[in-house]
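Okay, so chain A shows up in both of these, paired with chain B first and chain C after.
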Partner chain A sequence: MNLSGILKRLVLTGLVFFGAATLNFFLPRLSGGDPIAERLAQLGDSGGTMSAEALSAMIASYNERFGLDLPIWEQYLNYLWDMMRLDFGYSIAYFPTRVWTLIGQALPWTIGLMVTTTLIAFLAGSFLGAFAVWRRNAVTGTLMPLMMVFAAVPFYLVGLLLIFFLGYQLRWFPTGGGFSPLVLPSWDLDFAFNVLYHASLPAASIVLSSIGIWALAMRGMMVTVAGQDYMTFARARGLSDRRMFFSYGIRNAMLPQVTTLGLALGQVVTGAILVEIVFSYPGLGNLLLQAVRGADHFTVYGIVMILVLTICFVTLVLDLVYPLLDPRVRLGAP
Partner chain B sequence: MTEGHASAGGPLPECPRPEAHIVTLGTTPAHERRFQARLLGYCRRNPAFPIGLGILGFLVAFAGLGRLLWPVELAQPLSSTPYMAPNVENPFGTDTQGRDVLAVTIAGTWLTMRTGIIAAALGTALGSALGFASGYFGGWVDNVVNWIVDVLLTVPAILILVVIAASIPGQLSSLSMAFIISLLAWRRPTRQVRSQVLVMRNMGYVDMARLSGMSGFEIIVRELVPNLLPYLVAVFVLAVSASILAAVGLQAMGLGPQNEPTLGMTVYWMMYYSAFLQGMWWWIVPPVFVIILLFVGFYMLSSGLDEFANPRLRQDRR
Partner chain C sequence: MAPLLEVRHLSVSFATDTHRINAVRDVSFDIAPGEKLGFVGESGSGKTTTALALMGLVPNPGRVTNGVARMGDLDLLGLSQEDLKAERLRTVSYIPQGAMNSLNPVQRVRDSVLDGMEDHGEQMGRGERRAAVRELMEKAGLPHDAGARYPHELSGGMKQRACIAVAIALKPKLLIADEPTSALDVITQRRVMQTLDRVQRELGSGLVLIGHDMGLMAQFVDRLVVMRQGRIVEAGSTKRVFRSPRAAYTRELIASVPAMPVRRPVEPVRAGEDPGHVEDDDALLSLENASKTYRRGFFGKDVAALKPVSLRFSRSSPRIIAMVGQSGSGKSACGNLMLGFQKPTTGRITFGGRDVAAMKRREKSDFRRQVQAIFQDPYASFNPFYTIDHAFTVPLRRFGIAANRAEAYDIMADALQRVGLDPGATFGSHAHQLSGGQRQRIMVARAVALRPKLIVADEPVSMVDASLRATILENIRQLRDEFGISVFYITHDLATAYRSSDGVIVLRRGRVVEAGLPDEVIRDPKHPYTVQLVESIPSTDPDQAWARVREPRAPGGADADAFNQSVIRSRIPGFSLWPGTVA
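Entry: the complex of A and B
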């Protein structure tokens, strides 16, 4: 990755953002669906709990938001400007609430779950993949194909299996939710344990099915590293097996794993979103499900936009950081 | 560049027909016994291939024979007594809406595979066309295609599909879902085919064809496509798996045909009616098991096809 590569990545990020915003703007118009009208129809079905003032306020905000009296290109530019400020407007389902408020409530859960599980899977998978090359025996020989099969199955299906066996049959773990329904959120140890207890099954399903991604990539790297001359030399110098494995093997094979992280990021993010749906975990995934069910288009667009931006941003950061981590790849090098 | 090359090279008096070359590179129509021996040898070297084929064959048989042997109309709501545990009349039990779970699983396997195959066929066809064109001709075509694929590949398909599926008013059918998914299913085939064509277009027999006066289009159709056929098969298998992944994911979120018993919609309904809390294990296990088998089968098949598909690996083994 050189400077023009970074520049290309920046332009790509811009194009992705622009494309996503454009899609969000034009799709509802092309498909002829009217989110507000759909919402009104839904309210009519369910008996309606929204007062007349709230309704007219909502329609007014909708008109004001899209400036429906303006020509379409001006509406479009306004929309792009709103998106650039990450202003997703109001939720249709919970009208006076802004989409950002909803996302803000859900985001910590998603980030917590995703970062922890990715870290665990990354470390464990890398170690296992390297170890499978280092010690070829019956255990690693059966473990690797097993992990790869798990990696082929979407995270949420592994989640459904875990709910069934550990949650429903053995009743070891709760089957869903972020914390017990009767517990009030507070900053104490009890609540922290409660949250961890509820997070264990969703986390386990993400770790189980993503560990193979890292193990597979690491195994490929480790095979190359193990055949290098410096490994033979290290053995000739009489270094301990342990030292060779960690300081010479893993250390050299680990860095390209950052690239794997960049490649697998989309898979990890969407996988985690669906896991949240299966476990009704109070993160973005569940919010997305609620928004889809309630025809809450603005919230759907907002969540998708946030996820797209996150993926673009993390990929960009990885591209920038990688040359710093790996002295073999320097910025500006040909 | 390609056209200029042909004339600049001058006429070659004895130009062997490029087809002669293909026969030695591609899979030769060998004697039947030799073919069996080679197939056996291939399976021994790539055990994932027969396993994957076996799993998928089992599922096809299950869906195909199941439709003949079991009344799939029972997959409609209210066709049986709801909340029934497995019994003689409903071997897999029934769900909260009175669908027979065995019929749902049979019909769902069928619908889900059909969705995946239609979407992947469209995606692979469009993707190969784009990949061949951009890889062979290069220039601005290549640049434009490459940039579009780059932009689209940055975002996971399912996120874009959520926006599209959520914006479409009214009911989705499993067929229209296949078309929606095919809107994005061409990205990876384009990338994969393009990278192969970039390597192939500088090979001897392509130069030879060019010198013998074939047009670019002819070279693609008569030289590159036949040689890449095994690779295209592997690309297609991967695309089917990815399309099914997208379809089941969308449906599990409720963005699917509400009145068709696809596997993904079944996952959605079982979560909607909290089948776990009601202890309806018979509703959960069969569809989830079939979806897992589908993905494992496709994964095995595509990793088993590696040697067959990768021209470099294939030549080394000969």
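Entry: the complex of A and C
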């Protein structure tokens, strides 16, 4: 690994960020929703009557407040400057709450649920896939077709099934929410258990539906690795089963899995949207859904930029870490 | 003296649902301590399976159906898998063909040495481990820092040495070496075999060498076992077997080795042809001061793979030109330049007077048809997803040689017959259903079907048995005469270069050191490096000693000058060469 290789990666990451920010600015504007009108229509619904004159004065003052009266290129430049400082401004729908505050409330839920479940599915799936190749018997023989079924079922469907049977019919688990409505969030053990209890169904549906993909991919790699010359030589040296399985088999078969893991971690926030909606989980996905519905441009900008940032960050980390895992890969090599 | 290993009536068979293959049939032999025993035979003769059976490593669905293998009090064939595992490395150790990837790519060589020792119950502290690794590296002839390197950081010869170091860690009583040097060039082969010889003497262990190189066997082993179709057809002392072979098959094997002194006379240049320089308007493919430099790493040094060389193939007089040299000498870099796969760092490559690098799409397509490639690896050259037909029909149709499917099949059938394959049996099969030799012949047929003017063949016969090699090369030779195809034959095998080429170019570290007619360059080499190469070829005459490698002398003095000179012998008729224009 060398310095210029890392620098190159950083510059590339910056460019990706800029490109994504630009797309992010223009795309929502194509949808045609007027955020201020939406906001005022909401207010109008909540009661009271208003003259047309007062309404347009209000729209004008809101537009000025959010800088929406400026020419588009000036808005764009302001926006880029804000993005560079990671200042997402105020939410239109929840004015005067800052977008960062909304994201700050939702992000821990999403990361806590998605990152944990992705890692669990990765570890368990990879191990099962490798083990199915290593010990071919009746149990592992039935494991793989089962994994294929899991891989084929989308996770919101698994989620709905779990809600219906475990949540609604058996009433073992709550059917939605991040914690019980009657409990106040606090840093104690009771609340932690409450959160875990509520997270169990969404977590189970994510793990169940993604474990199969990990297992199948790992199985394929492990079959390839098992046929390599170094495995033959390892067996001819009488190495212990444990060492051959972990240090020779899994250690080599997992290399492409790690690449996939990096990409999957980059997707955790978007991947969560449907699950969060199905389980009304108070995470980023739910927030994004509401923001899009309400044409709350600034919140959408903020969330999308967070997604872009996570993907950039995870890819960068992966690029930097990969040469440590596979000595044949060198950073900055032509 | 009591034998170290006594094998009696060993039989191994592979049973599938439909049929049963008896891979090893009633094989019996002894090995004395300190003795070297060779197993020779073509692929599929059962020599490797015999060795694997001794370690309990016969792959599924193979089973040892009969026999004993007594080693002291042990019967290797009667042990349970767990007991057998304990005996591996400690009692019987295996040296694989390590030049490819026999070592775990993500772990340092040191750890590959130590993990075997640890798994066999050696308790070692930090200092002992370091000492053990250093001692083994030294024994295997590796630099002492080699333990800290990863396998991909080692050259082919060093990887093979690393495999030896790993295999001898527990001082085994019996070493089994399976084609340990078949992927190495002759000079490296001789050095590695000398190391193996020394290691075995120091351990006092028995050694089983499996291979198909009769020359190597003649030079290395004390006794020889010749196998065919699972049976021993002949066994005896090496000298006896080579001097007076009893079995017809043994005679066939010995005769298949391209013997150096026997050669058909240089074919006369056709009448009316200028036997010298290739004129500009007759130029087919020219390298003009072409060189190739690779950059290692981002800030790394530039490595010159090929130093400037100029050569020219003639359009009117096709020639087979062999380029020989050790691995890493720049042969393949030269071939890649000719094929237009890489751009030269300096100079240019022209085809029919046009710069290859500047060709437009259509010209390039024509160039691709006229200059065909045959690659070294017959396994990786085919897309496993398609049948063999696909490899033919796509280029035939794409280059407009065949107007329709039926015509394409006619051309294919003709090309396959030319390389001695049955078209009916070959059509519709996938690459994995064919043997290595069949695949290499298909590669030749495919290249020829396109009626090119030049074929760049990079080690086209490296993976087939000696007898088949001669056949394929003979095919290529016929193509030259019949269709006027020139061939650039890249190889590290001097014997086949000698036998089948019109001219030989010797490359060392990217520089042409000697060139001329095969009779001159290989039978009477003048450059010290060529001498070294030729001396390294193991002779099938067990009395003719395989001399120690003369190491390249230290730089400075007259010897260094001799090494840095290019010796151009007489001109190769119909071919031009001007090496080393720039120092």
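Note that the second predicted complex is superposed on the first by the 264 of 334 C-alpha atoms of A that agree within 3 Å, B and C clash if a C-alpha of one lies under 4 Å from a C-alpha of the other, contacts with A are read in each partner's own complex, and residues count from 1 in each chain.
One rule holds for everything that comes next: a contact is a pair of C-beta atoms (placed from the backbone, for glycine too) under 8 Å apart; a residue touches a chain by one contact, two chains touch by 3 or more.
Quantities reported herein were computed from a predicted structural model and do not represent experimental measurements.
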Considering only touches as defined above, state whether A:R136 meets chain B (first), chain C (second), both or neither.
neither
One more residue to check, A:L325. First (chain B), second (chain C), both or neither?
second
For A:R237, select first, second, both or neither according to whether it touches chain B, chain C, the two together, or no partner.
second
Touching partner for A:G5 - first (chain B), second (chain C), both, neither
second
Partner chain(s) touched by A:R251 [first = chain B, second = chain C, both, neither]
second
Please determine whether it is chain B or chain C that touches the greater number of chain A residues.
B
Overlap of the chain B and chain C interfaces on chain A comprises residues none
Taking the touch rule as given, give the residues of chain B at its contact with chain A in the complex, in rising order.
147, 150-151, 154-156, 158-160, 162-164, 166-169, 245, 248-249, 252-255, 267, 271, 276-277, 279, 281, 284-285, 288, 291-292, 295-296, 298-299
Given the complex with chain A, which residues does chain C contribute to the contact?
55, 57, 84-90, 93-94, 96-98, 100-107, 115-116, 119-120, 150, 152, 163, 166-167, 295, 297-299
State the interface residues of chain A toward chain C in the complex, per the touch definition above.
2, 4-5, 228-230, 232-240, 243, 247-248, 251-252, 255, 325-328, 330, 332-334
Given the complex, residues on chain A that touch chain B span 12-13, 15-16, 19-20, 23-24, 27-28, 31-33, 38, 148-149, 152-154, 156-157, 160-161, 163-164, 167-169, 175, 266-267, 269-270, 274, 277-278, 280, 288-289, 292-293, 295, 297, 300-301, 304, 307-308, 311-312, 315
